[in-house]
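Consider the two complexes below, in which chain A is the common component and chain B and chain C are the respective partners.
Right after this comes the complex of A and B.
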């Protein structure tokens, strides 16, 4: 039996739907409202070009995402201290949220602001004026946002991982410090396999690394924890970090279930773009841990309901695509579906933020292991191995590696991942560069993605 | 066996102490003569290091990369598949103020020692080891003292020779006029042998390289740190000694680099800075604005692509910069 196809909505259509929902008794959370207000109030013009899922759960997700800066300001006004975590994507916030009165966010998230505002905010040219030009990845927008202060509130404390991190971020964060924003740096060493006879530790996600690296990171996290606790006026303790780990695992558990439900379904019940955003909630709970749980629960309920009633968001014959790296322009996720693909799995560069954090060991030890499982701190081959494993489980028919303009890792890692996929699974893949506003390159993108989807379809025919 | 080191911060003395021959890959005479075929975004220096590393690995020598930038780490991934026994990535901590960073460096130092032993190296007796380490320290000190006694190219070649074969040979006669020309600092990434023409161009245009702070210049000799006697027998002491001499752009924070530059820029009355970076090197490229703000001096940014493809234009830009400084 075919699935019932649910069409996505444009921003205008969402306003009509919003009115209907309100009339029929929708109870909005405190950050709720019609989506179009983000265009008028915040200048998020890209929303006018995006297509959205029509569920109240998706509405809540988008509103949650798009009100983050506003909610941070409210939190500060209510007395919370704001921690700007940088680069580690998923470790420091687990600790910060465990301390009463602290709230962590990633200024790195400004990565998407040029896309959302269709560059009307001029953050990229402003970053260039500060010495960081287009040879760096879009995260350079963060630098200008710090300087102009018009986006996120200035954090009370900045923490950044250093060592095995991309050159782009390392250079930009250093520039930021020189501009007068003090940073607490902590070391994340490059992950390596243990040598014969060397003591080792197993990391979330199954990788194994040398024990001494875990010791190093644990020591560093203890230093970070001490500084965070000082900011919160508390004494750091394992009990505090344990609570943080358990709460993080609650979120990760929900997300894991959502991913399983959506990605393993024969026809996905939620669209790619909403899945990308839902996954992003794992890294710092979009500045509100409790609300993240509510948002993910709603999405999971919606996905299950649709699965039960055979409702899908793409055609039954959509090509199952495994996607690697976040897209600088969110519209690319819409385009994948418009052109006949669907998302069946992802590695948006923070898989470690979705892995379960071990609870059967001291919390800082567990967090250190989690931090070292970051796909970006080890060899591209490790990342490729995980992509292969997950793509196989998801029955992927094709893989897309999104190349991030200017990113130091993008020069070589795409080739390694695509080669591993071809070798292990024999499925076609493509690497495509996606700019923060990809309209101008849409014909090229269409050519490459559509050719990929066609190739994947042709392989179906050949199979007995 | 020769052990090629891709960074000046990997202790070459330790290689020698194990009876092997250390070679600074970054000073290889072959560097920069080949036309790099670069994938977009790849640092031209890392790319060439990779190619040289492949050649040397194929000749049964060993290659050691430093983990200091993404480009080098990923370069190592492409050469150093797990089964290869003659390739090593030395984990150089980016942070340097914490105990964890010190511990990490020491652990790497010990792992590097095991690597050298796997290659067939045998640690010499403490007395001989101390002689090697002290000898290298003295050679570095001697080279440092030459900054105003030689022409820019001659000084750079002496340093390159030291990294290549450990010798600190200096021509007896001084050939520099310490008062002639506008004093400038050349700051940045590695300046390979083939790229020394930049130093010549500065001098031809009426400048004087009062500070060569590139990765192959005076900076690569490291910080002169107090070293309590002959500590060759103490692994901890040695590791601390090697770790504390690093001065580089990738350190976090990189205040050590700025403090080292400030001392020399002020002492040597530097009037302008030439920032040299390889195409694809984010770490140095990002420093232009910070250098300008920190020292309040005019900056000329030169990259390896310009040096490679358009020499007349490069010379013209350098001459125009010198005119401004005059």
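Right after this comes the complex of A and C.
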């Protein structure tokens, strides 16, 4: 029996849908409202080109994402201290949210602002004027956002990891510090396999690394924890961090279930673009841990409901695509589905933030191990091995590796991942570079993605 | 029954009319690409039909491919160049396992299965240094006709080294080479070598023989030799390489009608 195909909505259509939902008794959260208000109020013009899932759960997700700066200002007004956790894919926020009165956010998330605002606020040229030009990753938009103060509020405390992180970001963050934004740096060493006979530790996700690296990161996190606790006026303790780990695992558990439900379904019940945004919540909770739980719970309920009623967001014969890396232009995720593909799995560069943080060991030890499992702090081959494993489990028919223009971590790893996929799974793959506004590149993008989907479809046919 | 394939490329539009009953190409045409892509494609289609003594009503199905495929509104469907080049090459050279296609705007490596299906592919469409555009720029800079550039390269005993990976910077290098008195033949051969090197990198040392070369750049004398040298494998040029995409599109149209 075929699935019922649920078409995505344009922004205008969402306004009509919103009115219907309100009339039928929709209870909006405090940050709710029609999506189009983000265009008029914040200049998020890209929304006019995107296609959205039609569920109230998706509406809540989008509103949650797009009100982060407002909510941060409200939190400050209510007395919370704001902690900017930079170059951090899910470690320091776990600790900060465990302390009463602290609220962590992810300034790096500004890398999507040029896309959402279609570059109308000129963050990228402003960053260039500050010495960080187009040869850097679009995350350079963050630098201008700090300087002009028109996006997120100036944080009370800035923390940034250094060491085995991307070169671009290190340069940008150092420039930021020079501009008068003091940063507490913590070091994350490059992950390496233990030497023969060397003491080792197992990391979440199954990788093994040298014990001394875990010790180093644990000590660094203890230093960070002390600074955070001082800011919150509390005494750091394992009990506090343990609460943070348990709460993080609650979010991760919901995400794991959401991914299982959506990606393992014969026809995905939620679209790729909403899945990308939902997964991003793992790393920083969009500045609100409790609300993240509510947003993810709604999405999971919606996915389960659709699965039970055989409702999908793509055609039954959509090509199952495993997607690697987030995209600078969210429109690319729509295009995948418009051209006949669907998302069956993902590695948006923070797979370690999807893994459970061990609870059977001291919390800082567990967090250190989790931080070292970050795909970006180790060899590309490690990441490729995980992508292969997950793509195999997802029964992927093709793989897309998205590149971020200027991002140093994207320079060569795409090739390593594609070669590993070809070798291990024998499925076709492409690497595509997606700029913050990719409209002009759409013919190029179409050429690659459509060819990939055609190739995957042709492989379904029985050999003569 | 007649099937039509239209390859709306970045430099030129190609039309192939294929008779499925006789398995023969019964007409073909080529025209330069321009601003009004839809009108140009339609005009070429009509001219080719007329020259072949056919009318639109005799065409059972039309498939468009190439960068401008979306603008060919009278086509019943569109298919990418990857699928079409693979189909076109396999028709004329069924033993092909690797296809190198270099067009005006991009270059591709396509690996195909023994049954003609695409196994995988790699594309360069973000850098002009591995495409026909590089040759056009060099021809213009050297003041020679594009068609003559390849012939000139044959006279080269020592191809110039073009080290820039960007066409804009490569142009600067060529100006420098000319100023230093380098022979035009050596520059032409050096550019071919540079393009072949880009394609070889894209092929990731995974070339499976036999290798076939298609696309408009395959008509350039010396280019096949440069590719052979870079890939370390024998490379054969398919018949009428500039029409392979359009032929493949016509064959796909016939397949779709089955």
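Following the convention adopted for this analysis, the second predicted complex is superposed on the first by the 461 of 464 C-alpha atoms of A that agree within 3 Å, B and C clash if a C-alpha of one lies under 4 Å from a C-alpha of the other, contacts with A are read in each partner's own complex, and residues count from 1 in each chain.
Here, a residue touches a chain if its C-beta (ideal position, glycine included) is under 8 Å from a C-beta of that chain, and two chains touch if they have at least 3 such contacts.
Not measured: the values here are computed from a predicted model.
Student: So in the superposed three-chain picture, is A:44 touching just chain B, just chain C, both, or none of them (first/second/both/neither)?
Tutor: Touch partners of A:44: none, neither chain B nor chain C.
Student: If you stack the two complexes on chain A, which partner ends up touching A:458: first (chain B), second (chain C), both, or neither?
Tutor: A:458 sits against chain C, while chain B stays out of touch.
Student: Could you look at A:429 and tell me whether it touches chain B, chain C, both or neither (first, second, both, neither)?
Tutor: The second partner, chain C, only.
Student: Taking the superposition as given, does A:419 touch the first partner, chain B, the second, chain C, both, or neither?
Tutor: second
Student: Applying the document's definition of touch, where does A:288 land relative to chain B and chain C: first, second, both, or neither?
Tutor: neither
Student: Counting residues of chain A touched by each partner, does chain B or chain C come out ahead?
Tutor: For chain A, the partner with the higher number of touched residues is B.
Student: Looking at A:298 after the superposition, I want to know if it touches chain B, chain C, both of them or none. Which is it: first, second, both, neither?
Tutor: After superposing on A, A:298 lies clear of both chain B and chain C.
Student: Now for A:168: first (chain B), second (chain C), both, or neither, which partner does it touch?
Tutor: A:168: touches chain B, not chain C.
Student: Return first, second, both or neither, reflecting whether A:279 touches chain B, chain C, both chains, or no partner chain.
Tutor: After superposition on chain A, A:279 lies in contact with neither partner.
Student: Just chain B (first), just chain C (second), both, or neither: which does A:448 touch?
Tutor: In the superposition, A:448 contacts chain C only.
Student: Can you pull the chain A residues that chain B and chain C both touch?
Tutor: Of chain A, no residue contacts chain B in one complex and chain C in the other.
Student: Along chain C, where are the residues that touch chain A in the complex?
Tutor: These residues of chain C touch chain A: 67, 70, 79-83, 106, 113, 115, 117-123, 125-126, 204.
Student: Contact residues on chain A for chain C in the complex?
Tutor: Within the complex, chain A contacts chain C at residues 415, 419, 422, 426, 428-430, 433, 443-444, 446-448, 450-451, 454-455, 458-459, 461, 463-464.
Student: With touch defined as at the start, can you tell me which chain A residues reach chain B in the complex?
Tutor: Result: residues 130-133, 135-136, 160, 162-168, 170-175, 177-178, 183, 185-187, 189-190, 192-193, 195, 212-213, 215-217, 219-220, 223, 379-381, 406-413, 416 of chain A touch chain B.
Student: Residues of chain B touching chain A in their complex?
Tutor: Contact set of chain B toward chain A: 39-42, 67, 69-71, 73-74, 77-78, 82, 89, 91, 93-95, 98-101, 103-104, 107, 111, 114, 250, 252-254, 280-283, 285-290, 293-294.
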